[in-house]
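What follows is a pair of complexes built around chain A, which joins chain B in one and chain C in the other.
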Partner chain A sequence: MDDLITALGAEFVQLSLTPIVIGILAAVACALPGNFLLLRRQALIGDAISHVVLPGIVGAFLVTGAIDAFPMMIGAGCAAIVAVILIEIIKRLGRVEPGAAMGLVFTTLFAVGVLFLEITDTSSVHIDVQHALLGNLESLIWFDADGWQSLLDPAALATLPPQLPRLALVLLGIVLFIALFWKELKISTFDAAFADAIGIHTRLLGFALVVATAIAAVAAFDAVGSIIVIAMFVCPPAAARLMTNQLSRQISWSVAFAVISAILGYVFAGYGPGWFGSPYAVSAAGMIATISGLILLLTCMFGPQRKRIGQGAEA
Partner chain B sequence: MSNAELIAEAGKIVDVAGKDAPLTVRGLTVSYGNKPAVFSIDASIPAGSMTAIIGPNGAGKSTFLKGTLGVVPRLSGEVRIFGKPFAEARDRVAYVPQRASVDWDFPARVIDVVLMGLYKSVGLFRFWRSRHREQAMECLERVGMADFSTRQIGQLSGGQQQRVFLARALAQNAEFYLLDEPFAGVDAATERAIVAVLKDLKAEGRTVVCVHHDLSTVAEYFDRVLLINVRRIAEGPVDTTFTAANLQETYGGRLATTHIDELRLA
Partner chain C sequence: MSFLDYFIDALFLQAGYNSALVAIGAGLLGLAGGGAGAFIFLRKRALVSDAISHATLPGVGIAFILMVAFGGDGRWLPGLIIGSAVSSAIGLLLVEWITRQTRLTEDAAIGAVLSVFFGLGIVLLTIIQTMSSGRQAGLESFLLGSTAGMLISEATTIACAGALAAGFVFILRRPMTLVAFDPEYAATTGINVRYVDLAMMGLALIVTVIGLKIVGLILIVALLIIPSVTARFWTNQVGLMIGIAAVIGGLSGYVGAALSAAAASLPTGPIIVLVAFGFFVISALFSPLRGGLASAMRHWRFQRRVHRRQGLLALARREPIYDGLTLRILRHSGMIRRDGVATLRGRIASQKAARDEARWAMARRILSDDSAVERYDGLTPIEDMMTPDQIDEIDRVILDQNGAPA
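This part shows the complex of A and B:
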């Protein structure tokens, strides 16, 4: 018991609370739009956007010459929009399937980003492929906290890592978007032609969903790297789909899975290796993504709705 | 034909059904890529009629429906629904897409799909409420699917899925129903149930248009036909328009004359 109190004491608040909360916010912000992307067979677009964030960030650095979150997020956002437009153009002109168009665009743009990094003088600053992929969740600590009471101390709260309020704001925006346009998102995802006929602006809504995805990806990328972003767009929604046959419940499940992945992933990454006698910790981002994959594996084996296809015959 | 004659001709088409007819189409052209799927189609559907749109595969029957409703962009042509542009008459129209056009593995129960038909009566930024659920249940009752309301839609047979689509259209409480192949791949019991509901709609003074491909049931189910094969071939009452000559022209000789004779006798 004493161990637990120490474990959740001042040191926990200072070193672990903010990374865990940021991990949860990032995971949920990505999992929410991921539900709709998955059902629209656009899951790859999350993948595409989180990759093109790299050239966007490098581009922003080359323009401004400084590591500053705001221009980098703008740059990433612009790259995401460029990628979405390129995907549309390739789909229409090349008449290829959407998945191929997305794959083409994001691998190419990611490669351009890596090239940019190599040929320009960015080696002195902390952007590298490793950081882009795995982020640096463990470094987002709350220096000025000296226990739970700091949560009530405005001076200490002002020193929270900026990623935390930023991600909270992004998550709030995404929750509002889904809540306000719930009917429209649901109807147009299920039956776009019907949605068009009853006056839902399906193209605009589809674009808004991609923009929400891009905002989530960019905000989360900064804190946790693209591995989590990619995993969270797909794994929690896919696992949630195997738990229920109702969209609202699927979304609740996906949030639960995202939260569980973030917490367990962080704890296992920090303490797990110690249980096996290793003095090192492993990457929290990598572990969170791994946990979400394990949850998907478990739901594939035991999820109540995993045998949906083929049940039509007995009806 | 001179311009004056063309205008007169177009005027006649409008006159058949009247100015405020459920549907008046002039010169509708829709194209996917370079080849037009439907080319310069004129049509007018009178109120209270039940019309079958007939033509071979790839003749543009579905595209015609989608073009009139703006689901696919029009290259040219004018469409009037009850004398107005579609955007202004949207709430008076119910559209039932082809059953195969949606993914039935979508996480929804039967009632969730029917509730989508009540979209307009729920209002922006609001959620479905119990009174909407009651209305949806009434619509399911009318198509004989009330017992399946909590069933996952992917677990239904094709005929049951089609009935759910029809219930969603009933929930829209429209005056003009456009159905894309409502009898495709359904069992005989469902076909009878759907026809009965459509005839009820007609009896209530509503207008029904179906894309239909079973020529043997045209005379039994419908009172008007619109024959198209990219272009409009003929349009009018079944008695005078559903003729061997018109069918021959529509299907371009792909139907044997003896087959058509059988249809006429049936």
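This part shows the complex of A and C:
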């Protein structure tokens, strides 16, 4: 019990509280649009977009010459839109399947991003391929906090890592988007033809969903890196899909899974090695992805709705 | 020596034994990747290879840890390759298992396996960094590939495995083609579709694991996808397409490795990918079969024919022409004068067009089930589609109805 109290004491607030909150916000912000992507069989759009974020951020850095969150978000958003348009062009022109067009576009753009990073002098600033791929959740600590009371101290609150309010804002935007267009999203996801017939702009809505995905990817990218974002897009919604047949319940499940992955992942990464006598922590972002994968594995084996309709229990 | 000199040296294998081996190895790798990728592309499962390639990372980590634990050198390439092959095989089987056993679709399974295995791999890499022998492990180079400081033994391993994979593609090409195009038919001829699918992905797996060192696991999937998409622009024949994909993949690997040998600070993987993309762009623009330029030309020629034909018909009916493009086309071909009055040539051509149109109209009425009528597009002269006998017949009917020749 004493352990727990010290574990949740001042040091916890300073070192672990903000990464955990940021992890939760990132996971939920990605899981929410991920639900719709999954049902629309566009799960890999998240994959493509999260790769494309890198050239967008590098491009924004090359244009502005500074590491600043806002231009980078815009750069990454532009890159995502360019990628979606390129995929569409290649699909039409080459008449190839969407997967191949996607693979072609995101590997190429990713390669451009890596090359730009390597040939331009970014050594003076905190941007490198490793960071872009893996994120650095652990470094997002709250220096000025000296205990739980800091949560009420405006001066300390002002020194929160900027990723936290940014992600909170993005999450709020995504929640609003889904709440406002709930009916339209639901209908167009399950029956696009019907949605068209009753006057919903399905293409515009689909594009808006991609933009929301891109924004979530960019905001979360900073914290957890570009590859692990994919886990947040796919795993919690996929696991939730195996739990229920109702969209609203699926979304609740996915949020719950996302939160559990973020908390357990961070705790295991930060404190887990200590239980085995190792003084070093392991990658929190990687651990969060691993936990979300384990949850998915469990639901694949035991989820009440894991089978297709008509597929027997032992099929 | 300038960059260009060095690049040309590397291109002709004159830049040292080591970079020559790397270039040959990358070329063979590209060859195998292009060939194997073509089947996966035709089977419409291109992104499964993305899951395979990301799933190699935990294997690399575990192999390193095991080799160090048994007192060996953790960076021994064949060991790392075996480890990555095992873990990506597990990833591949998991994608299959999730798709078969649950209601989740393949794309969700791909995304889940790809990201979770990668995350697990990153966890293992951070563990390795804390190991005393792991600090200089340089396993990060597997993410994006690096040929700088590559050992000759490693280059030989890659070159041999690349040749092996290319050989496998050659041996398995027939069943894989059949399965890619018509899995149901393949099943009725006694081919086990699931095994062939697994073999196809197994080839992608071989290409991936031997490509780890050169291209890196994030971008290796490009070597499987881009050459086949590019080859698709040049041919509609499967055998030819696989050959072209293999050649494009081989060239991309070879030229990319030579380029990066000339600029050692640049990571090899992205350069190879961008060279492949260069081939794609050239093909997408200039291929005579489906390229953008050829399509634009075809569209332009079609547009010209439509405007010319409609313009001539309007002349024949003595209707005024307002459309600018039509006027320009007619003027350029000498059908009308600058003031819009038809020339002698124009009058002859317009009468011919009107007669053709009348014959077509009649043909559609009396020969409505003729295959030539079904292909009527309002542009082709009837002489090109029907025999003189048929046209005489049509003319006779027109004469009967109008009392005068059209």
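In this text, the second predicted complex is superposed on the first by the 308 of 315 C-alpha atoms of A that agree within 3 Å, B and C clash if a C-alpha of one lies under 4 Å from a C-alpha of the other, contacts with A are read in each partner's own complex, and residues count from 1 in each chain.
Here, a contact is a pair of C-beta atoms (placed from the backbone, for glycine too) under 8 Å apart; a residue touches a chain by one contact, two chains touch by 3 or more.
Not measured: the values here are computed from a predicted model.
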So, does A:197 touch the first partner chain B, the second partner chain C, both, or neither?
first
Using the superposition on chain A described above, determine whether A:269 touches chain B (first), chain C (second), both, or neither.
second
Would you sort A:136 into first (chain B), second (chain C), both or neither based on which partner it touches?
neither
Counting only touches as set out at the top, which of chain B and chain C does A:180 meet: first, second, both, neither?
first
With both complexes overlaid on chain A, does A:252 touch chain B (first), chain C (second), both or neither?
neither
Return the chain, chain B or chain C, that is in touch with more residues of chain A.
C
Touching A:108, do we find chain B (first), chain C (second), both, or neither?
second
In the superposed arrangement, which partner chain does A:241 touch: chain B (first), chain C (second), both, or neither?
both
Quick one: is A:189 in contact with chain B, with chain C, with both, or with neither? Answer first, second, both or neither.
first
Residue by residue on chain A, keep only those touching chain B in one complex and chain C in the other, then list them.
241, 305, 308-309, 311
Chain A contacts chain B in the complex at 39, 180, 182-183, 186-187, 189-191, 193-194, 196-200, 241, 244-247, 249-250, 305, 308-309, 311-312, 314-315
Quick check on the complex: what are the chain A residues that touch chain C?
38, 41-44, 46-47, 51, 90, 93-97, 99-104, 107-108, 110-112, 114-115, 118-119, 129-130, 133-134, 227-231, 233-235, 238, 241-242, 269, 273, 278, 280-283, 285-290, 292-293, 296, 300, 303, 305-309, 311
Chain B residues touching chain A - in the complex, by the definition given at the top
66, 69-71, 87, 90, 93, 95-97, 101-103, 105-109, 112-113, 116, 119-120, 122, 125, 127-128, 151-152, 154-157, 160, 168, 172
Inside the complex, what are the residues of chain C that reach chain A?
41, 44-47, 49-50, 54, 97-98, 101-105, 107-108, 110-112, 114-123, 125-127, 129-130, 140, 143-144, 218-219, 221-222, 225-226, 228-229, 232-233, 265-267, 269-271, 273-274, 277, 280, 284, 290, 292, 295
